[in-house]
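Across the two complexes that follow, chain A remains constant while its partner is chain B and subsequently chain C.
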Partner chain A sequence: MPLNRAGAAAWLAAWAQKAEANVDYLTDLDRQIGDADHGANLKRGLAAVTALDPDGFAGPADYLKKTGLTLVSTVGGASGLLYGTFFLRVAAAWPSQEGDAAGLGAAFKAGLDDIQKRGKAVLGDKTMVDALVPAFAAYDAATAAGQGIGPALAQAAAACAAGRDATVPLIARKGRASYLGERSAGHLDPGAASATYLVEAAASTLP
Partner chain B sequence: MIGIVVVSHSLALAEAAVDLASQMAPPERRPVIRVAAGLDGGGFGTDATAVAAAIRGADSPDGILILADLGSAVLSSELALELVEPDIAQRAQVCPAPLVEGLVAAVATASAGGDRAAAAAEANAGLAAKVEHLGPGDLPAGVLIPGAAVAGPAPDAAALVWQGAIENEHGLHVRPAAALVANLGPFDAQIQLSNQTLGKGPVLASSLAGMTTLGLRRGDVLAARITGPEAAAALAALRELAANRFGEGKKGAAASKTADADDAAAPEAADSAQTGRQIVVGPAQHLAAVIDVSGYLPGDAAAERTRLDEAVAAVLARLQAKAREQTRHFGIFAAQGALLEDPELAQTLHAGIAEGRTAVAIVEHDFAALAHELDALDDPYLRERAQDIRSLARQLTAELTGAEIDVSEAEGILIVSELDPFVASSLNPSRCLGVVTCSGGATGHGVIVAAARGIPVVTGQKEAADIPNRTIVGLDPVHQRLWVNPTMAELAEIDRLAVERRNEATLAAELCQEPAVTQAGRRILVEANIGCLDDALTALGNGADGAGLVRTEVLFADWDHAPTAAEQADSFQRLGQALGGRMLTIRTWDPGGDKPLAFLPQAPEANPMLGERGLRAMRRAPELFHTQLEAVALASRRTPVRVLFPMVCEPAELRWAADKLTQVLGRTGGHVAVGMMVETPAAALRAADFGPLVDFISIGTNDLTQYAMAADRGNSAVAHLAQGEHPAVWDLIRLAAKAFAGRPIAVCGDYASQPELVPRLVAAGATELSVRPPLVGLVKLAVRTRA
Partner chain C sequence: MKKLINDADAVVAESLVGFEAAMGGLIRVDHENKIVYRLDSPRLGKVGLVSGGGSGHEPLHSGFVGLGMLDAACVGEIFTSPVPGQVAAATAAVDGGAGVLHIVKNYTGDIMNFEMAAELAADSGSRVESVVVDDDVSVQDSLYTAGRRGVGLTVLLEKLVGAAAEAGADLDAVLALARRITASGRSMGLALTSCTTPAVGKPTFELGEDEMEVGIGIHGEPGRERRPLASAAEVAPLLCEPILADLDYRGSEVIAFVNGMGGTPLIELFVMYAETARFLEAAGVRIVRNLVGNYITSLDMAGCSITLLKADDELIRLWDAPVVTPGLRWGA
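Our next item is the complex of A and B:
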């Protein structure tokens, strides 16, 4: 799909579909180290997002901005706030030209920067940041080497999944899971899991 | 009167808290209180847009105080401040106080006419009554209460509080911590600091030892509570320090800025885009070697001395900033700075002033004389310093005359007499296509910095000095070839080569995440040599199967104290995380030669490359070695690691190191694979002797070449022996590999980074190749197509 409203809508729909299909899994991950609401929260928020009519907006930027605000308002937990922050920033930096792989990477990077600024999480804190940092680094490396959006997103999705899986041995330093200290080690971080759905959804829809 | 906003996950909780707090004030004196709590559908949660609406509703010219309950309530409040109009946001403040206690105290203070700061201070002190009653023993660590964890005066209602995230690259390590202690010490105030993120503290800001126990890393939140007669002034000083990153930079306001400012401050991330192997063509541009000083107006002796001192201070500051920005090359810039800080140099310069000479003349002549002396010495290391001295002279002269030496705008192909690291690090890779040097070899510091940034360099081209500006030149960094004013036919040829090289790079990038398998079906692991987190991210993006060499002496080069086991383990964990959980090969401290460690002082040696390097130095500092092995053991529980011992000649050395590791693992449990560097002819020739002691080997071809060929890598007079490949070195590689057949055999020197040598390394028995991070994809391609 192109980088227009329809493409963005396909991305969000694919993300929602993945999150919905795995709602019990996400909730279960969150039960191990959190408050067991991540799956349900995200499902509720994404249902509100997919209910938006992309044709009702002037362009993809307006649509993605509304997506951000909707996530902020409907998800409730820190994850909604962080994903909302991501989309607010991505919307502002969304490339205006079709096929602008570097521009799309810059938008992702801007969104990730704001997630990190808001949540103050760094690599290794066992959060969604652990999946997203390697994902967008892989994306940038691919586009810098001259690859297009499709292959770059495929590599981003692979790196994202690797980052997600590597959260298992970590000790959480942010969010509710950090209350568990050492006991948080040995579990996959639910935020890293849902972030991977986000990037995988992009890889399957945006190229 | 101020307005108050209550942010909570639960509407019922928020409303009850407001009811309770309202009892503190008669109706006509109650502040406006707005609630943003729960979700629309009735669930628990917070909604930043609802918080924004509440802030607007509670807005007052006297300001707005926001009190929040847990986790995302605080984040939502912060986001809400970005959603409301900027003038409203400026009047609003998110208060870290506990919700119920804080709200009660804030309402009471506001109704008594207190301003926002007073209400915030009272709210923050809201826990004090409970603590006084129950005693500090019942408090979780990290709660900021005067007198709770440190000796101090009784709870004081007039306390000021502050908190902010640490932005320093390496956290609040000793240097910035010392700046904090020194700057806050003079105030008549008690300043308590804690690490909000890790829940450590509080400690007194007057104690450097206490500060270090807080373990403040980048991103951690530092919280301060200040009481005493000069509390306000101390708070202002703390704010200023934080804005200046505690003396380490000026980016303090960035936290509230947009991503644009951050992008500009992170040039290294973009540096890895190119491999530095690309063929380029463009107009030549000379960088003037000599700065015109004819317009310099001398002052009297006092004025000249001041100018000279100021110029030295300015250049030193710039070098220190460079060292922090170019983390990969910290040592290079730190070494230049150290030259400038040498007290003997200052004496010489001041003596020149006393003789009535001008600052410009002293820099010009004394530095030239010093460089000349160094040039004439036998010692190649000191000769290398001559280049540093010339670079410093250039920077000082520019500082004194106001001449522009900013090369970030330089375009096309830059021609320089020699490439100093300062210039190399300042070039803009998207404008400057390549660099040609008239003198100097391929191993100078400037060349290393340029290569790491993806800028192609051709070195030692004497005739380039005579190329007129704007002449079209082409260069091939791989074959060190230079074309001057190429004909149409030559241009076509260059173009063909450039396309070929680029296609190869594109193909390598497309396939980089795929495994590297030879045509015979052997899987070769292609890993990266890394020295910082950016390297690890670059490596991951280029498809590295792991880190075949973690240079710990580079990773911690800018630490002025020895990192603890926990600090090192944290760093290793981050590297592992950045590599997606792939294997890290941690080489133990390898100081000596050209890479000293600040926390392991070493007496000067006549032949440092033949002196106390690697494991040899560890036998002199066993506790440093022990701490690092503990770090490896700790890290092994969080991310896959193996350990690599450098500079081994005899089995006894390795046995000593392996015993230390066994002792550490005996206490911590776990298993870590052990490897040794094969970088001396002794180790290669007798490799079988080490067989029972190690699980894998890693062949360091750079040192192996240096020691086998008796040729110093830094000495351009013997560059033909020290660089390139030699039959003697190949024989040593084959011998070592044969002795370890069937076990992992890695190659981590320059040989592995040269695609054309890959087939011979694989044929010799190498199973792993560890290369410069941007080259992983190319080496993988070479494995697939050539081996």
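Our next item is the complex of A and C:
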């Protein structure tokens, strides 16, 4: 899909579909080291996002901005605010040229920066940041080597999943799992799991 | 799962309908935004007090809206913080010209959503200050982590700060009082069972018949450590000792709060209060006021928490001041 409203809508629909299909899995991850609401919260927010009509917006930036506001106002908790913040910044930096691989990477990076600014999580805290940092770093490395959006996103998705899986042995330092201390080790972080669906959805729709 | 509900996704909204019908003389509910307001808010010239958080902790926070406590409570989904637009709307609605204090429990989601709400409210001209409650000594504090959870002290703080605001204290004074309370109150909790959220339908963690979970919060999340089930006489020191180790209460007067997690009957909470009072007396801590009951709960979790707050003449006067809310009423 191109980087227009239809492409953005396909990305969000694919993310919603993955989250919906795995709602019990996400909740179960959160049940083990959190408070068992991540699946249900994300499902509610993404249902509100996919109910938006992309044709009702002037362009992809307006549509993605509304997506961010919708996530902030419907998901609740930390994840709603963080994903919402991501889309608000991605919207503001969304490339206007089709096929602008570097521009898309800059938009992702701007969104990730705001997630870290708001959530104050760094690599290794056992949060969504552990999946998203390697994902967008892999994307940038691919585009810097001259690759297009498709292969760059494929590498981002693989790096994202690897970052997600690497959260298992970590002791959480941010978010609700941090209250468990050492008992948080041995569990996969639910936020890293839902973030990986976001990047995998981009890889399957935006190229 | 056995619950008196209709639809797991509608529990919060349907409960607010019943809450307003039952408590309509004290509060009103903005159902669209899920905000509970004091009936006569905004009060001109009075500092507005806004709190809120996930549902499932009732009577906190909606039950503490009214004379001498909160002006508004923002109601989130079960165990999920309210959202920025909701908190900003409540802030604007209760600002009687003297500014607004946000009372926030220290959870990542609550902090971030209230922070963004404060930015939105400041943009529209309200003066907003925030106090973060982080009293749970079972969580090790560190600059590099999310820090301690806000638990039982929240109830005492909302009562005391509410009394000060009602008596006409300005925003700076109310904020200073709130910070003094967070600096001198500590809590510790324990669970005999986990809880079951309506959306999940099974307990958040498994606990054997002969086990208890020590160092739990208020979201049915696992605690720091699992131990063999013990008697009330053994549990009281297990909860009080870490509190006294964290802050020296020896020789102090305190407000002591024995809180039920929702699934423990009052008869057991009073057994716990007797053991707590006995332990504290032996430790040289003098209880001058107390609160016993289910006030900050975790759905149907069985268990309790103990909160100690250093008391002085000012805090005792504020504690005794009139309060008329769905959850706490005295003196009026």
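In the analysis below, the second predicted complex is superposed on the first by the 207 of 207 C-alpha atoms of A that agree within 3 Å, B and C clash if a C-alpha of one lies under 4 Å from a C-alpha of the other, contacts with A are read in each partner's own complex, and residues count from 1 in each chain.
FYI, a residue touches a chain if its C-beta (ideal position, glycine included) is under 8 Å from a C-beta of that chain, and two chains touch if they have at least 3 such contacts.
What you see is a predicted model, and the numbers here were worked out from it, not measured in a lab.
Contact with chain C, but none with chain B, is seen for A:Ala36 once the two complexes are overlaid on the shared chain.
Within the superposed three-chain model, A:Asp140 lies in touch with chain B and out of touch with chain C [touch as defined at top]. Shared-chain residue A:Thr27: touches chain C; no touch with chain B. Look at A:Gly77: by the touch rule set out above, it reaches both chain B and chain C.
Residue contacts after overlaying the shared chain place A:Ala6 against neither chain B nor chain C.
In the superposed model, A:Ala47 lies in contact with neither chain B nor chain C. Counted by residues of chain A touched, the larger count belongs to B, out of chain B and chain C. In the superposed model, A:Leu180 makes contact with chain C only, not with chain B. Put simply, chain A uses residues 37, 41, 44, 72-78, 80-82, 118-119, 173, 175-176 to touch chain B in one complex and chain C in the other.
Touching chain A in their complex are the following residues of chain B: 9, 39-41, 43-50, 71-72, 75-76, 78-79, 165, 197-198, 217-221, 255, 259, 262, 269, 272-274, 502, 505-506, 508-510, 512-513, 533, 537-538, 540-542, 570, 573-574, 576-578, 580-582, 637-639, 777.
Touching chain C in their complex are the following residues of chain A: 27, 31-37, 40-41, 44, 72-82, 118-119, 173-176, 178-181, 183.
Chain contact summary for the complex, chain C toward chain A: residues 9, 54, 76-86, 107-109, 112-113, 115-116, 136, 138-140, 142, 144-146, 149, 197, 199-200, 204-205, 217, 219-222, 224.
Put simply, chain A touches chain B in their complex at residues 37, 41, 44, 69, 72-78, 80-82, 84-85, 89, 93, 109-110, 113-114, 116-125, 130, 133-134, 137-138, 140-142, 144-147, 151, 155, 158-159, 162-163, 165-166, 169-171, 173, 175-176, 185.
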